[in-house]
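Each structure below is given as structure tokens.
In the two assemblies presented below, chain A is common to both, partnered first by chain B and then by chain C.
The block that comes next holds the complex of A and B.
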């Protein structure tokens, strides 16, 4: 499983001062993802929110959380302004929040080759990444413990397994994966 | 009796929370713990609080560490000034949180720290809030009662199994504060103290 927090942090760190794109399923979740990026950012990144590309470019030493009012316009602005992001070189990334299948992604794919290559490899959809592949996780659990989650939980629930940190962790995962 | 019933009521009320908000608060604590000069977790620990959603359900969980078994504290690399006050030579922090996203409810919490003292003897602390699932007939009411086995409780001892199994009733603190508390027991430094007495005294002064 590719982990959403790690993927997000990787996208933020991959290209120092680059452009990272975070894809959001809807407007409500966008706000949560902005807060998640704020919580992931190192303290010295000093993140700030803006809806304007000009504001983002004015602060090369702060992480700009670019939350567009008009996604298509913002992507076009970024496409036109890439050179400005190189002079002076940014030390912190611009993080652009776009809706999944929204105008921003459409414009990025069709009209904004410069912005597309700028962000290349630094796009992440954390909501999609968070979904567990239950079959793969069950197979990994069985390989790790030698038992299916349901079978492992029988002695645990009967109090026959030691209450160690490792076993609490296994029990937590077994309960996630058990089939009712 | 009334005090224990009231504590149980507080533990029930504690469960009402948004998973995203709670996770972001935990990340902020992890970030502080992983930044220099007192980094006690590897850099960017906040990114390793892993969210996992069970498909087609409201269940979402957060675990610390790529291997999900928690993370070692970096006790070897602490500043010299702290070496004498840290009683453990190694320790591992585990964070396991389970939520019902739709109901905005904390279903289960396990925040555990186990390690070895300098003489090699084991030591563990673990805060648990049992799953309150309908599938458990007793819900989160384990043991004999709300005093001997409070819903939100903390084990402290050489291991979690050695008798007497001490279960300290825990105040209704959110997951982020419990992580802060657990680490503060192992690395007693002002840099990790979220509520220094001077700040508490200032808050208590009538305005």
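The block that comes next holds the complex of A and C.
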């Protein structure tokens, strides 16, 4: 099984300067997912939010959190401008947030083969998060780490754990399973 | 030494002359370069996303450099191709021809030409370097500036013929503006060879002739990864992987053999359907799973299985109502019965792959899609 946190962390990290797509069930969860990705980004990624492809391309050394006002236009622009990410080469990804049933996914499927191909394999749908057996996953987390998610997050939030890829992933997973 | 999987960069094509080029089994670039050198003046390059069009165009540019002023213009690195106008394209071509002549052929362009290009906003900084611009530079239409650039460069290159290798136009949407851009490309004059990536809609219908009558449409073939030709295709993809990782093919094979349970390169190749970008994405994805889960340098079979699932999900999202039945019906046929819009959309994404089998072309279904439809890979 693909753990959602691992899949998301992988999508953000695997292709330097690539395009990752986070699919959101609704606008409220989109806001939440933007914050989550922001908090997961390594410090040197220096993430910033924008709704414009041109702005995202202007900052090749920062993680662009692309939160569109008009999904269809943004996807079309990404399709037409993809190779500008090579000139100069990006060192940080563009993370595009799209609604699951929205215009962005429709345009990806119908009009934007280049953007679709760019993100292929790096488009994460948190649908699986909603399908989690939370109790079983919390038990698995405790078995893996020796701590409950809330307990693991205490030293993480205090900055006492190293900011490694593995720990970022663990942090995302712990936050997903955390009981408020 | 641990392999650097970040170096795979699946979305990055190779530039002309860059190390690491691996010739595909089809020998595509060599074939096209030969055609151009023997008189085919217009070649339209097609193929699904990720098949290697940009890398092959860069290779063609390298191969033509002994006999042509062979200038690769990667339009999509500078322009929003959706909004590209014919004038913007002409100016960009003029600027890049002069930049290429200066950087590669060591031809110092005239101040008048550089000033004119600078006034049009397309003179590269490397060409401008320290030139004193005249107060009143030459101005002209985009077409006349391009012709001025062509004539000056070819004259000073001792009459070598100009070949413009144009990348990025395949991203143009089907529209009146796109057709105008293509028609303008064809008006550059018979003394220029044109090798251009074009959108799929050009391959079907009257658009093929809009550039130049008799233009040759030559899709980049997707290599076979199954059947009798499969081993050659798999070796080609494995060699790309080794090159990008900075290993020899032998060292890669040895690393694979040294640890039982590792993901097998041949499996990656087969799941990719023969598309180099999909192959590299699968490898990068599987390696990332290995790194995150275990801090391991090499993916195992579970990592590969999850990378395959990620890619399969992407293909699933690209399918629209009606595609399933249409894909099943087209498999193994020459595709003539498939509705044109659907065929173009599915071919562009590599969901169906046009393959040459013997003396006929047949539609093959991408293995990841085949699995989604309930079939088995390689069937």
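As a convention for this text, the second predicted complex is superposed on the first by the 128 of 180 C-alpha atoms of A that agree within 3 Å, B and C clash if a C-alpha of one lies under 4 Å from a C-alpha of the other, contacts with A are read in each partner's own complex, and residues count from 1 in each chain.
Just so it is clear, a residue touches a chain if its C-beta (ideal position, glycine included) is under 8 Å from a C-beta of that chain, and two chains touch if they have at least 3 such contacts.
Being a predicted model, the structure only gives us computed values, none of them experimental.
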With both complexes overlaid on chain A, does A:40 touch chain B (first), chain C (second), both or neither?
first
Look at A:6 in the shared chain and tell me whether it touches chain B only, chain C only, both, or neither; answer first, second, both or neither.
both
Would you check which partner chain A:83 touches, where first means chain B only, second means chain C only, and both and neither mean what they say?
second
State whether A:116 touches chain B only (first), chain C only (second), both chains, or neither.
second
For A:166, decide between first (touching chain B), second (touching chain C), both and neither.
both
After lining up the shared chain so the two structures overlap, which partner does A:32 touch, if you call chain B first and chain C second: first, second, both or neither?
first
I want to verify the contact counts: of chain B and chain C, which reaches more residues of chain A?
C
For A:134, using the defined touch cut-off, is the partner it touches chain B, chain C, both, or neither? Pick first, second, both or neither.
first
Does the superposition put A:105 against chain B (first), chain C (second), both, or neither?
second
Shared chain A contacts, counted only where both chain B and chain C touch the same residue:
6, 9-10, 13, 165-166, 169
In the complex with chain A, residue positions of chain B that touch it
20-21, 23-25, 27-28, 31, 35, 44, 46-55, 59-61, 63, 66, 68-70, 92, 94, 96, 98, 108, 110, 112, 114, 124, 126, 128, 131, 135, 159-161
Of all residues in chain C, which touch chain A in the complex?
5-6, 9-13, 48-50, 54, 74, 76-78, 80-83, 167-168, 170-171, 173, 277-278, 281-282, 284-285, 287-289, 291-293, 295, 306-307, 309-311, 313-315, 317-320, 345, 348-350
Residue numbers of chain A touching chain C in their complex, please.
2, 6-7, 9-11, 13-19, 76-77, 79-87, 89, 105, 108-111, 113-114, 116-123, 125, 165-166, 169
Contact set on chain A toward chain B in their complex:
1, 3-6, 8-10, 13, 32, 35-36, 38-40, 42-43, 126, 130-132, 134, 162-166, 168-169, 172-173, 175-176, 180
